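Presented below are the structures under discussion, each in the form of structure tokens.
What follows is a pair of complexes built around chain A, which joins chain B in one and chain C in the other.
Entry: the complex of A and B
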């Protein structure tokens, strides 16, 4: 307690001096004193603002396409932290690191703050009126068929508006592109199950065999799958599910497997057929035509072809026979080859033989509003656009939610073809590689200051409309939301139809309210319905059930023999999709750059993963800078040696190597997209991401790798720090 | 409080390692982390950066060991000379273990780190003089030193990134030691709310940032004094006793099937974090 030595008068004197100092330093310089800003007293605040107390508002995460519900903590008008929205059935209040970094996308210092028009090599700031008028002039001056709109995956009301705009122009050229989407798997699923994206019930399976699906890291909806995984590992009855991961390069999911099986790249389909054969031999009932088709795949042959030991094939078949239902998942490691579709079909057939369809592989429900249903992106779209640009068929190009100059392999010559397009409009948050090439750059609101709706492609049950609402005022007056831009463009074309909407918010509200009956608000008045929707952040939709079929058949299924060796390019390159970097769109968020890669613990750089055997053969040690050369190009990076990779394979992470974008992304690592060879899946025409062959040579330098693990490199040196035991010794049902 | 009173009742004022006859009174914050549920995804670590104003130091400083991840994922391999890491990795979220008998506390020359009544190992930033003795004495490497004045360092919190800083947590300056606080700012609010309603904090009422984000729910956190708290039930079921340096698992054969353990317990630090062993299936 302060005693009498310091009386009230003395205290006030000190306070007076402090106040005078503040006043002097601020004299005449503040925007408040200049009259540009106003100070609002907290005595009169809005209902929900209490100074120093955080208020939570629900919204939707836009860091990837999974569509997790988020809850932003807002204090004194600033959003401070994101938590998961407990009411969202996708993530049930949980989040991932990528989602957490959403605030860094919002507060990023490298965001574009006003529309920029190219004049020579420079961008000149212009007004929105001018920018929109320029677009109107340019699209008016060309034929509708020469207008192309490139986007990432889209859904919700923005998708509906975009379609209306393209219709108003009379052009249907909408290219939906995602660089690392599971597009071959979607096509294979459609054939095998009748649906592109069946619902996987990891928590109902007793055994999961995942062929390179990184469902805990970066595959489809990782936070959702992580929760299912937790229940799979610790079921209510105490039975622990067994995870076997088959892949050539260890993913985060592989690092959590009970058994990680290193397989020769591209032979996943052979192992699946071998397992069917082994199951049939063990007495599992398998249709006659299938038995006939797989009888060549004996354990010995499969073991020789795949590199997986006969012992493990036998144990795996026994496990699958004994513990049912199981779940077989085909991930990116399966579909990355020219025979990716065949691989995926073989794995679907294994699921069917095991009787998993309808048990752990279930049908999704249909989406009641197809105009808002998600359009999933693929890689073929970019090739189609690229071909059209090369043939001078594109006169005006819009690009939104994609960075094709960064993600296109060098062999596509996309950057050169882009130069043939006379007028390129890029909607962007940063001056990324594509925006740098644009004629007009339009700055977007961040996801935390924008209105939108999204329909997630993957949701466990039913369907839902996720609402994205601003968590705070816009940071910069010069940015606009995509919805607002599309609305303004539509007003140019169809003024009668859209003049009633002042902005995208009023459009969205009236569009939602007009279908409130279908959104569960039939008995509510408009305001109550709208407020409830916003406060929950998600609106449940009633979708009709869809039937799932078991159509996978052995007829016409040919899985090619393993690769023949290529003496000029002896190694396979696996471009890895990591949970935080993915295709590189979030690379300018420093938390993600400084968050160590889970397996290598490397930060702030690219690396080349290599098995110790391969490294020894090439005379390479950790930290050596090597040149990785494919037929399409060469890049240099540091080598990390570890045993989570097949000796025939090296792996490099995607998402690094930006030449633009911002201070945290530019110049960090190298871009592995660039050296991918133009080899395509035979059935879908999708770029086969894992087909590239490379040679590795020492480039002379050696560096100390910047990583989180210590010099012992993951060895505990006999201390009991992270301890492991056999699951048979534990009774999980007794645990709390 | 007179000096005489202080000296006469010294043992009442001094926070020491509690024993059976000197239990915690109202709160004892503790954690349990299930390593079989932890997938090593790093979400906890990023959430901690967001909640606790941790600086991003960049590549060069990271190389010098200057990173500030209050919770980090340690990754171990158990190959035993096999060709592949064919049973995966062992991930371990490492954070300040909030030791009941903390080696860092005894060596601080200025008493900047000491034990609170609810069992936290607290760090008083404005008392810290940066001797770094605590850092040297921590067996868990869970303490992080501010070698630079990060608020004024380029590209750590450039405008407008500084607007993301959590006003409930001090932004530390140069020369100060820092570490995991079990999100003490959240605990303080929860305790204050509970006190104004004349009750104790309920189980689940307060979550740490790492616990709240964890996609598999591997982290439990709560009050060990509260018999209804999940974390206390877990400790009890696993027969891990806060005040012992050898648990049932280490001494009785019948308890060998338990998964609960504390790291480097033999150092008699009496950590407040219990880990549950990772499991691996033997049939495959």
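Entry: the complex of A and C
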């Protein structure tokens, strides 16, 4: 009775005026847990370590292959936040959002904590000794040629150790696989310029025409390119550079462009040749054989083929003629077709005709230690491995830094072929789709608790070795670094050579110290050299300059006519590589799921981007669940209606739709890799990512899309804040 | 019945508030007026022996010799074990006493001493040691033990430290409302900041 009438509200009312002081000072013990919590001090510590004040240590970002230098803020022995390392010329102290999420890879609750051996459907925890002995036994029991090592792009000392291990086994089967890599462009560049990865000087260009290269978002070294782009936009010379983006699906870079031109998918090469023709007609000196080869690419024909209006082609050609040097970039949209190599070559030819080679397309320098030079991955490697597995040629498979079960198109039947391999070892952070198939899963240290060195494929100037050092103690005693594992495996094979190294750290240190002369430490004692290298996080290498050539020729260059209509599968599917999600390897970091896609603002799900005209034709509105079916499979996702896409095209982001990996990735969205058709670039044999044709049909449901933009979508709530203008009304020459 | 209860609560509230106001008003700074619970520590550290007056057998060590972080960081911190050992490895006379033996056991095992927190504030309160020490000790030239004592009481007379002050918001504010000279020489005075966000950020 008393409890009932004396309610909380009445009590608060009384306190409200009479008991203010009671609440402030009289209410007993306001300390939360006096004498209950521990306040742990260091046993030994350096003078510069002050509790609650962060100390910064330099390391290297491992979230993508760009290899930016990072600086981790460490407090009380825990890494809290990452910043860019100002001493790294790749990123000059800046970072991207994907890199920031690196701490979530480290503190991720789904990390594997001890080696697991398959027993039936379950993984049984075993010791490292047992795991390594088992590997020794298994590789000893098969012929060396039946051992295969699948990795993502590798470089530095881990690559050197890996090579030594494979040599020790007598097997050369190292498959370097990256699901999303500019591998066709590399081959075309090699032919045209003599180098796979020339340096692009965005900052020196006055005009950039980017054919679908998302260099501000996800392409090669986005943080570096963003900085160059800033200088290009606000040049010292006073002239603001003009960016024209030509692509079928708008990327983040396209959204930043002065002019975004929607092009029919696959006709990029045609436009490039048409521009050469138009430039020749406008009086730019073009070699005779090239003129002959492109003379059929008249403005009218090119306009008809590409869907870019004759007016725009004319303006673009005029712009390129007027402003030199320029830079033409071939991005992933160019190379994603069966004629991807021809497309890329046509663009290289355009660069050459414009005289950009040597000005904005420059030679990289060579790497003095080829055993540590980056081995860039491609998609062909997985194809080759898959064929070998299908023919029972692989008896022991190692997989590191790749998740092929997730990224392989269903048509490859990779999962079935994997079952033919009797012993599969997967080095992993999470139980991802590939680890789930493994016989032995070896848990890796996170990038923030591991030692490594890296040589990024794209380096802005000179050559450099980036150092990855632990920013804190290991979270779980049962994980090991890749270097440590390889060293342990090498000790099994070549004990004499490696017995002197207690762990990978001691190997790394002595390897670096032994070449300190080449690493700029000739006059320093070992400790000084090593400490300086660690505190800087990057070591400069003196590389010899490589010559760049202008070999692109029109000979044998045929860019096929645009696609013919396919009435059964009328739309092109563009699998989009987003800045956060990339190929999906980081999908279990919730910040990346939570940060909205820059163009659609969608979070925590996949979507199908579709032009309003196409949507209207199909009777689809935003939020409709549709089935996207290719010849290789079908998936369902929500539709987002968006004007930044060609009407013949739909686009779905890659990286979503995990069936395993962890609580934040599993079951979120759908996996667009799965429905890619097995169509390959004719010259390189690389999977042509943009070749897949699809049909779209309504699946019946409709959902409210979870996104950051308001319910009125891109309509600015009807308030006309930034006024839209149709592109035909804009005069490009006035704009620039 | 209901009304009666309300009235009684009201009266109690008034009396308690008046009472506690009176306590706040006459509060001396370095004595105990709100004793916290006794905290059992892994080693019964004798603050009196280290910091106490020489006349009473103390070594008169400056608080900041061990709690060196207080003047540089928001937390005072507990000194690293290495600091204890730094002196004690050359103090033979007490080397074999139980507490010091235990201390060396931790050191040899390279294990941190699991000290218990005596002064714990809620997580939504941000108290900054550095600001207070810089102001009182370095700007106003107050003796260190007095400055620390404002909040921690007369630690030099204790063995294991025990909370002496309420460390509640009203208690903090009671001091922040008072005028203090800005530095040792000036006649200008000011009071501590009273904005909410100074502590609740």
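The definition used in the following text is that the second predicted complex is superposed on the first by the 672 of 736 C-alpha atoms of A that agree within 3 Å, B and C clash if a C-alpha of one lies under 4 Å from a C-alpha of the other, contacts with A are read in each partner's own complex, and residues count from 1 in each chain.
Methods note: a residue touches a chain if its C-beta (ideal position, glycine included) is under 8 Å from a C-beta of that chain, and two chains touch if they have at least 3 such contacts.
Nothing here was measured: the structure is a model prediction, and the numbers come from that model.
Put simply, more of the residues of chain A are touched by B, taking chain B and chain C as the two choices. Using the contact criterion defined above for the overlaid structures, shared-chain residue A:82 touches chain B, although it does not reach chain C.
In the superposition on chain A, contact of A:38 is made with chain C only, not with chain B. In the superposition on chain A, A:464 makes contact with neither chain B nor chain C.
In the superposition on chain A, A:601 makes contact with chain B only, while chain C stays out of contact range. After overlaying the two complexes on the shared chain, residue contacts for A:254 are found with chain B alone; chain C is out of touch. Of the two partner chains placed around the shared chain by superposition, neither chain B nor chain C is touched by A:388. When the shared chain is aligned, chain B and chain C each come close enough to touch A:52. The residues of chain A shared by its contacts with chain B and with chain C are 52. Listed in rising order, the residues of chain B touching chain A in the complex are 34-37, 39-43, 45-47, 49-51, 56-59, 62-63, 67, 69, 72-79, 82-92, 155, 158-161, 163-167, 209, 212-218, 230, 233-234, 237-238, 256-259, 261, 263-264, 275, 277-284. Those residues of chain A that touch chain B in the complex are listed here as 52, 75-76, 78-84, 91, 93-97, 99-101, 103-104, 106-109, 216-217, 222-223, 226-227, 229-230, 233-234, 240, 242, 244-245, 250, 252-262, 312, 315-316, 318-319, 475, 579-580, 590-596, 598-599, 601, 603-605, 613, 642-644, 663-664, 668, 704, 706, 708-709, 713-716, 719-731, 734-736. Partner chain A is touched in their complex by these residues of chain C: 1-2, 5-6, 9-10, 13-14, 16-17, 19-21, 23-24, 36-40, 69, 72-75, 77-82, 106-107, 110-123, 163, 166-171, 173-174.
Within the complex formed with chain C, the residues of chain A that make contact are 1-2, 5-6, 10-11, 14-15, 18-22, 24-27, 29-45, 50-53.
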